[in-house]
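Each of the next two complexes has chain A plus one more chain, namely chain B in the first and chain C in the second.
Take a look at the complex of A and B:
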């Protein structure tokens, strides 16, 4: 490993000032669980790492927003979210997913901000946040802007963040009572592996009819994405097995899986079909 | 999901309190491993030490045109860069290996696999050394490469080694011949009966080819060696090695030194599994240490393990002739072992696993051809089971195919064909001290084989399968042990058996304690140090309990004889009237004397030593080169069986193992708990190899060379119920009847799961591992709606 500078700023202003919008070898490091893997394999050789570990205050912890949703500081660890009663009561789907995310050693140090900013399509939380509705606050020397979670991921390990922008918090929308949510994760190898496919669904059922459905898929595709075709197949349709299957087929037909160590593209397409259907079914079962 | 990973309750768990063997003594090192005080070479640093980092070949096959260390040497803090040419100045013929002297300490003139060590950068700071290693500029002229073992064995394949030089170190590999113009390092044969005629007379003939991918050992302590000068003309090598005695003789040979100038010591190993055998980093560290005359440490990263040693990939073609009554009458086996770029111990894998590749079956007509093949992949060597799981995968998958074709229950089919006491093995040796029926009985009982079985419905289908397997133990090999009674009467055992987690310290102490009538816990086991502990062939192939156990037994008997002679004088009685028990020597009349009192009586104070020596080498008859026949091919047979109950998700292809029963013949076990955990541990390891572990290669490059991308099973993955079951068939020459059992749990897991898969969904997969995608593809082909190819 080549030597590099390690900066440990105490404020967010100092932190973003230390980043460089033009230089790819300067990066922020939070938990470091993903970045260290890239450094070990020399995929990434930093000249400067800006550690966020001394940043406190608003960057850590959770609170309830006016709409009943949660605001979560970007430096909050995944384990803190996993054990949070507030998360468990507000978004049980998130709590359950966190319990299966990699392993406890990773969850203890990985942060929510890092999990999102890394742009890895295999992450578990992006599809869930995409279905719940969320936005991230991005701060740079130019100020703050809000990015809808659905606009955050632009490609394979690519986000719409500029290199000197940092995620400071995530705001997840409050959910109407009686919402149906599920995250279905499929790993082809060990349980703590990255998924071959992750599917998050969220919908409302009104007199037996599906309203405002959201279906998001990760890991199978180059970035986490919603399936417009599946959502269209569900909107205003009855909550019935054939409808859920049709929506799953629509997702499988619409999305373009990419091959990696977790599966070939054609296998992943099949896994999208199976797991979109299962997620939709389990969301309904979970409500009952 | 709750997991059940505990042996079922035992009725006879504790031996009578007076006995030390057959007792589940807690491991002597348990506490030190929990509190972190156990010694590992991984934790060793020495004053003034340099760290070495290896620059590795970026291509699988090519000529080295130039190595330019300039940029590396210019880096601040770099002490030296060592290349193959530097080593050649120190060691004129720097090639090593237990079977062939084919592996250069650093690549010379050409590279033969991607990841091969080409140069080493040395620095006081390991990060500087690593950066420097990256700066070493190597120019190559690529050569055509070959990766598949069957292709590589064919005429016309690119030749990986121009000339092969047999090592002649080990007696069982003495017949290896120098060759050129081929990638086949060795072909081993077994021939028995009249195969052609038997196939003609068979009612059915089954022919299939089975494949195994490559996997790695994945010890949690990666390979590590530290070297230092011992005076002006000696060398000490601290190394995480399973074979300290071999390391000493091989380093001495390379240097042209007498063995007494090379000292090799080990500590506990954080796992070995066959990876840490023979020479791994030791020759490189020895050469670097002598070149710079300073302590040198090379410790591999987890990632570098993937470029060091692997399990053999193998292709097994199996043709079997069967009569209508379910009797196998003919079997033809051909095995190609993917040995990678250097032979390591591959020729012995080829020979030993080849000779049992017709299975634990009583077959009159047999032909076996087993080929060790070089390819341009990382070298393959021993991995817990030594090739056996690859051939069992083939013959037990096929056993299931045959049983089903003949509509015979799988257990019954095996009963019609198994070898029984006194019958000749394929090599001609009459079977002794075996009871395969007992293994089948235990499988049937634990699997509740005769109870109705729910095969599931809808998308979750259930199935179960069994398999049995056999292995011979490597021969002939030597173990020497010393039992030392100190002036105060306390006892130490000097043995070069390496405790790498298998519990050998405890087992050896139990054996000596039993003979000397003292408590196991009071004995100190001295760890391998070639200046101190006597010769042992190596800790491998499940040989230690049997070989070193016998050597320790003899050493303890020798010490006891001396003590009894001394006691007879002191107590003024006949030796026959005395016995060692409860920590003293007691006469029948009731008189007693402690070991200390004897020492004081002999040496006039608390002083001196009583040293017992024991040496063990079992009988062996070299197999005939053409027919593989031998009256004594192995000191003992290892036999195992496994049963698996699984659920298959027919929409994803994922296999969930509900229950895995691993049965092993342990002879009469020295320590029942440790034996059961060996079976469970091996079962877990082979479970990983079966369901998802696989090194993935692209044109010779390992694509998933890290534990982020190569997954081993964790607690969430292991079967819901996992058990290790001993069958006790005392061995007449084993120490207190014991046999080795370290590998037995590896043999049968894969075909048991594969056969359960067929039972559940009626698809037969012939290639490991049984990944969800591979299973789903097979399912969909069977349903005539195949998944698209990519």
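Take a look at the complex of A and C:
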């Protein structure tokens, strides 16, 4: 690694002013777990890093919103979320997934903001947040805008954030009582590895019929994506094995998997089929 | 090297005030070894996977190989060398010795520091909790059964 200018601003205004919308070698650093790997392998050589560690306010803390959902500061560590009783009672699906995300030292340091801003398609939380419904607050010198989580990921390691925008917090929607949620993480090498395929699902069942289903897949495609075809196959259909299989087939047919270290494209397509079905089944067994 | 690429950091290291000059890109692990001759933390994978470089920063375990030294300015850092006090080993260290929780010892400082954090978060861990918590620490000698035994014994000690 090479040295760089390291700024440690105390306010969000100073922080965004230190970023540069034109210069790719200037970036924010939160926990640094993803950036350090890129810097060590020289995939990224910064001229300046703007550390967010001295920032407070909006970037910290966890609270319940009016709709019963949670507002989470971007600098909240993944371990803080893992050990939060509020998260466990509001979104058990998130707590369970956090326990399988990397190892505890990484979760101690990695932040929710960095997790989302990195745009790595293998991350575990984006598909879950895409099914729960969430929006991120993005602040720049021009003010604040809200970005729907489903519009955040635009490509392989690409997001819709402008280079001088910072995520300050994330708001996750409140869920109706009795919602069914599950995240199925499939790792092909070791249990604590990055996923080969990650599948998040969320749906409601009303008089035996599936309503408002959401299915999101990560790690298989160039960015985490919802499967409109799977969701259409589930909508207003009975909660029955053949319906879940049909939805899984629809997702496998619709999505375009890409190969990586964790599997070839055709393998991933089959794994999408298998794990969409499993996620839908397990959601029904687990309830919330 | 440009002036603002170097800086002086001040922090508490194993209970004592520490001051040193670093470059912005240097990791905590590099600085602990180079400037303070603390060799308990080792760089093995260099990617956050193995835990050989573990240090405790403000009460939480981090991978020293992925942590900027600049970020400990103002913090409290504990390494394995800081666990013993008054010439007496920490009860977790005693427990690893009594239960042979190692073979070559390369991974041991990391396991001991992680065990310290484990017992703070789960004072009476089940075997599954121990395995899960320590899953990010790798032992090339595969001393795992003895490590789990040592942690269990340390938990007994911890709760006394």
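The definition used in the following text is that the second predicted complex is superposed on the first by the 287 of 288 C-alpha atoms of A that agree within 3 Å, B and C clash if a C-alpha of one lies under 4 Å from a C-alpha of the other, contacts with A are read in each partner's own complex, and residues count from 1 in each chain.
Quick note on the criterion: contacts are C-beta pairs under 8 Å (C-beta built on N, C-alpha and C of every residue); 3 or more make two chains touch, one makes a residue touch a chain.
All values derive from a computational prediction rather than experimental measurement.
Once chain A of one complex is fitted onto chain A of the other, the partner contacts of A:274 are limited to chain B, with no touch recorded for chain C. Once chain A of one complex is fitted onto chain A of the other, the partner contacts of A:189 are limited to chain B, with no touch recorded for chain C. Judged by the touch definition given at the top, the superposed model places A:66 against neither chain B nor chain C. When the shared chain is aligned, chain B comes close enough to touch A:42, but chain C does not.
By the touch criterion stated above, A:265 is placed in contact with chain B alone, chain C being left untouched.
In the superposed pair of complexes, A:4 makes contact with chain C only, with no contact to chain B.
In the superposed pair of complexes, A:105 makes contact with chain C only, with no contact to chain B. By the touch criterion defined above, A:32 lies against chain C but remains apart from chain B after alignment on the C-alpha atoms of chain A. Overlap of the chain B and chain C interfaces on chain A: residues 1-3, 37, 40, 103, 191-192.
Against chain A, the residues of chain C that register as touching in their complex are 1-2, 4-7, 23-27, 46-49, 51, 54, 60-63, 66-68, 70-71, 114, 117, 121, 132-133, 135-137. Residues of chain B touching chain A in their complex: 127, 130-131, 134, 301, 303, 651-652, 654, 692, 696, 703-704, 706, 708-709, 711-714, 716-717, 771-773, 776-777, 787-790.
On the side of chain A, the complex with chain B involves touching residues 1-3, 37, 40-42, 103, 186, 188-193, 196, 259, 261, 263-267, 269-271, 274. Put simply, chain A touches chain C in their complex at residues 1-6, 29, 32-33, 36-37, 39-40, 49, 51, 53, 79, 83, 99, 102-106, 108-109, 191-192.
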